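What follows is a pair of complexes built around subunit A, which joins subunit B in one and subunit C in the other.
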Partner chain A sequence: MNQQKKLLIIDDDPDFVEGIKSILDAANYSVDVAYNPKDGLNALQTMNYDMLLLDIMMGRGAEGIMIARKMRKDAKLRELPVLIITGIREQMAFLFPGEPVHPRFVEVDELVEKPVEPQFLLDKVSALLQAAEARKGKAG
Partner chain B sequence: MASKPTFSDEIANLLHASHGNPIKICMQCGTCAGTCPSAPFMDHTPRRLIAMINANMKEEVLASNTYWYCASCYHCTVRCPCEIDIAGLMYALKRYSMWKGQFKEGLIGPVFSETFVKTIFRSGRSYEPILATTYLFTFGLQDFITEAQTATTMMLKGRLPLLPPRIKRLKNFRRMIGRVIPVGGLE
Partner chain C sequence: MENKAKILIIDDEEVVLDSCMLILEGGNYDVATEMDGTVGLKTVAEFQPDLVCVDLKMPGISGLEVLEKIHSLDPTIVTIVITGYATVTSAVEAMKKGAYDFIPKPFTPDEFRLIIRRGIERRKLMLETIALRREKEMLRENFAAIVSHELKSPLGAVKQNMFVLMAELSANINESQKNRLDRMMVRIDDLLKLIHSWLRVLSVDIEKVKENFTPLSLPPLIVKAIECVDPQATRKNVEIVTQIGAPLNPFDGDEVSFVEALVNIIGNAVKYSYAGSQVIVSASEKDGVIEIAISDQGVGISKEELPLIFGDFYRGQSGERIEDSHGLGLTISRRILEAHNATLSAESEPEKGTRIIISLPISSNQG
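Coming up: the complex of A and B.
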C-alpha cells in the first residue's frame, strides 16, 4: 500500500465501532468515527475520505439511508465507495422473517450484515478501494 | 475524531435531530414528573430517568418501564422550563431498547409496537381487534368482559370493522415503505 487510506465510520453503536475500528487500525487504515448522522455528514463534507462505512438504523430511524441518498446527489461524494454494515435484521427482526435484507434498496456499493467476520470486512474494504481506484484511473 | 461515547452521549446522538435542548441541561425541577399522568405507574419518574441517563446508569434505565409507560401526551415537553423534548426522549429510549433487544420482560409496549408496524405493513391500516390481542389477555376477567362488550357495541354501530381494512394501491404503499426500510422479500 503506497499511501495510507482514510476511512470514515458512521455508526451509533460505540461497542461495534470499537471492534471494527481496531480491525481496520491494525490493517494500517486511518479511521475516523462519527457517532451520529449529523456529525457524519459534516465530516464527509469537510474532509476527504477514501471510503465510508455506514450503519442504517441511527437517530430517528433508518437515517443511514438518508445519508446514502444525500451522497448520491452530491457531485463530490458520489464517487466515494460506501459499504453499509447493518444490524437491521436483528434490530427489527419481525420485518425479516427468515428473509435477507433487500440488497438493492439503496444505491451503494455493498451491503453486509452484522456481525462481520474481520477477514471478510478487510476483503470487502480493500476490494471496494481497489474498484474505486480503477474507476478513477479510467476517468483520469 | 471522537472518544468512545458514554450512555448519555449515545442517547444524545439518538436525539441529534430533536428540536429540544440537550438533556444534559436538565435542572431537575420535577415539572415533568408532576405533570405526567402515567408517573404513578412508572418505576422511575421522568425527572429521575433523566438524572439516571446523565449519570450513565445504562442497565437501570433500560430495565425500567418508564419510557414504555409514556402515553405521548407531550405535556412534559410543553411544560419543561429547559425546553427539553422529554416525550421525544421517551421515544428515543424505546427505539434504543428495541434495537438492542434489551427491555424489561412482561411489558405490553414492545409487542404492541411490533404488531402495529406489522399490521400497517400488511394492509396500510391499523386494525384494533388484532392490536387488542397484545394486551387483552393481561386483563382480569371483569375488565376483559367490559372490553369485549365495548368492542361488540362499537362493531354493531359500525365503528369497528369486522374484517381488516385495506388501503387502495397497497402495492405502491409497500414499495414506498421499501424505499425507507430495506424489508426482506420486497421486489
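Coming up: the complex of A and C.
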C-alpha cells in the first residue's frame, strides 16, 4: 500500500514553489501546483490530494486564510492535512487579534516559516501524512 | 475658489461686523457674520469655518461659552477673541481655554488683517499636521505588510532555492565553492534578520505586551537569554558569568519579550567585547527594585556617544566595525523594558568596557 502520495502546493511565488517542489519531487511525492487561490480551490475540489501546502499571503492579502476557512466548512476537505508555509509568522497576531501566534486555521494543520529547510519540510510532510493515515485507520 | 478660507465673526455690534467685513473684503476669504452666540454656534456647524472671531461680551450666551462649544465641536477651528479694553483679563482666560489670539477693540484694519492672516496660517498648519500624522500612522501600519511581503518573500524564495541547490550540488562542488555558498546563505540570513528587526521596531506596538503580564522570576530568564547568546560568545571566546544575589522577588512582565531584551543587551555586550574577556550579568534587589547589570570589558563608548546608544538606528562608532550590527537591538530592548516600567542606564569608559543597568520594579503584589 505504499503508493505515491499526491500533494498540492498553493503559492503565488513561482520561485519559492520551485524551491519547495524540487525537494518534494526528489522525495518521490507527486506534486501539483496552483499559483493562485482560485485555481487552488478548484484543484482541491476536483482532484484527490493527500495533503495541501498552503501559502497565506497571496493576491490582495491573506487569501490563503480564506482557502483554509472554506476547507473547514467542506466535509471532504476538512480531513485533508494542511501544512501552512508562510513568511508572516510575526504578523499573525495582527490578522487574528487576541489569538496566539500559532493559530489553528483548520483542525489538521501545521505551520512552518518560509524559507524552510529541506529535511525539516520532509519531516513535517511525512508526519502530517502519517497522522492523517492513522486518523483514517481509526475512522474506518 | 475652493480653498478660500472661511471666517465667521460673532459680535452683537453691527458696526463691528460691518467694519470687519469691509476690512477683509478683497482678501481671499469667505466671511459670514452673526450677532448672537446661539445662532453663531449653529452657523459654525453649518458653515464649517476655518476661523471664528468671537466677542466676549454679548447679551445671551457668553463669548467664553461660545468658545468652549466651538472647541468641543472641532478643536482645529482657530478662535480669536474680540474684546474691549475692560475685559483683557477675560481675554486671557479665553486664551487659557484655547483661543488662539485676542484683539482689543478698537483695532486698526492692519491689526485685524494681520491677526486673521496669522490665524488662518495656524489653521492650515494644524490641518497639515493632522494629515501628516495620519499619513505617518498609515505608513507605519502598512510598512509591516509591505516589508514582510515585498522584501521577505523574494529573499525567502532565494534562500529556499539555495537550500535545494546546496543539497543537489553537494557531490559536485569543491570546498571553496561550498564555502562561498555557505557565505551567501549567511548574508541572506543577516538580511532576513535585519528585516525582522525593522518589523519589530516599526510595526509592533510594544505597549501591547503589557496585556499579557504575569509574575515572572528573573533568574531562569537570565539563564534562557544567556543560552541564546552562548554560541556567539563561544565563537568570540568571551565568557559569560552570572552573579545573582539573594532570592529575588518576582516582577510583572511578558516572558518572551523580556528575554528578547536581555538577549539583545547581553548579545551586544558580547559583540563589543575583546576576545578572551568576560561579560558579567548580575542581578540584585534593593527597596523593591531589581537591578540587572550587564558589564563587558570591551571597546566601550565615548562620553559623547553614551547618551545616543538607546536611540533608533545607533551603532557603535568606536573600535572595530561590527559586521552584523544594524543599530536596532538596543532600541527594541529599551522599548520592551520601558513597557515593563524599567529604566535603562549606561556607564562606559572607552577601551575599558560598558555597563548597562536595568532597574526593574518588583511585582506590585509583593511587599
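Just a few scattered comments:
By definition in this document, the second predicted complex is superposed on the first by the 119 of 140 C-alpha atoms of A that agree within 3 Å, B and C clash if a C-alpha of one lies under 4 Å from a C-alpha of the other, contacts with A are read in each partner's own complex, and residues count from 1 in each chain.
We take it that contacts are C-beta pairs under 8 Å (C-beta built on N, C-alpha and C of every residue); 3 or more make two chains touch, one makes a residue touch a chain.
Worth saying up front: this structure is predicted, and the values here are computed from it rather than measured.
Once the two complexes are overlaid on the shared chain, A:Glu79 sits clear of subunit B and of subunit C alike. More residues of subunit A are in touch with B than with the other of subunit B and subunit C. Residue contacts after overlaying the shared chain place A:Glu133 against neither subunit B nor subunit C.
Within the superposed three-chain model, A:Ile65 lies in touch with subunit B and out of touch with subunit C [touch as defined at top]. Using the contact criterion defined above for the overlaid structures, shared-chain residue A:Glu18 touches subunit B and also reaches subunit C. Within the superposed three-chain model, A:Asp123 lies out of touch with both subunit B and subunit C [touch as defined at top]. In the overlay built on the shared chain, the residue A:Met57 is in contact with subunit B and with subunit C.
Using the contact criterion defined above for the overlaid structures, shared-chain residue A:Pro37 touches subunit B, although it does not reach subunit C. On subunit A, the surface touched by subunit B in one complex and the surface touched by subunit C in the other have residues 18, 57, 87-88, 90-91, 94 in common.
Contact residues of subunit C toward subunit A in the complex are 144-145, 148-149, 152-154, 156-161, 163-164, 167-168, 196, 199-200, 203-204. Residues 1-2, 4-5, 9-10, 13-17, 95, 98-101, 114, 117-118, 121, 178-186 of subunit B are the ones that touch subunit A when the two sit in their complex. Taken in their complex, subunit A has these residues touching subunit B: 12, 14, 17-18, 32-39, 43, 56-62, 65, 86-92, 94-102, 105-106, 111.
Per the touch definition, subunit A reaches subunit C in the complex via residues 13, 15-16, 18-20, 22-23, 57, 87-88, 90-91, 94, 114-118.
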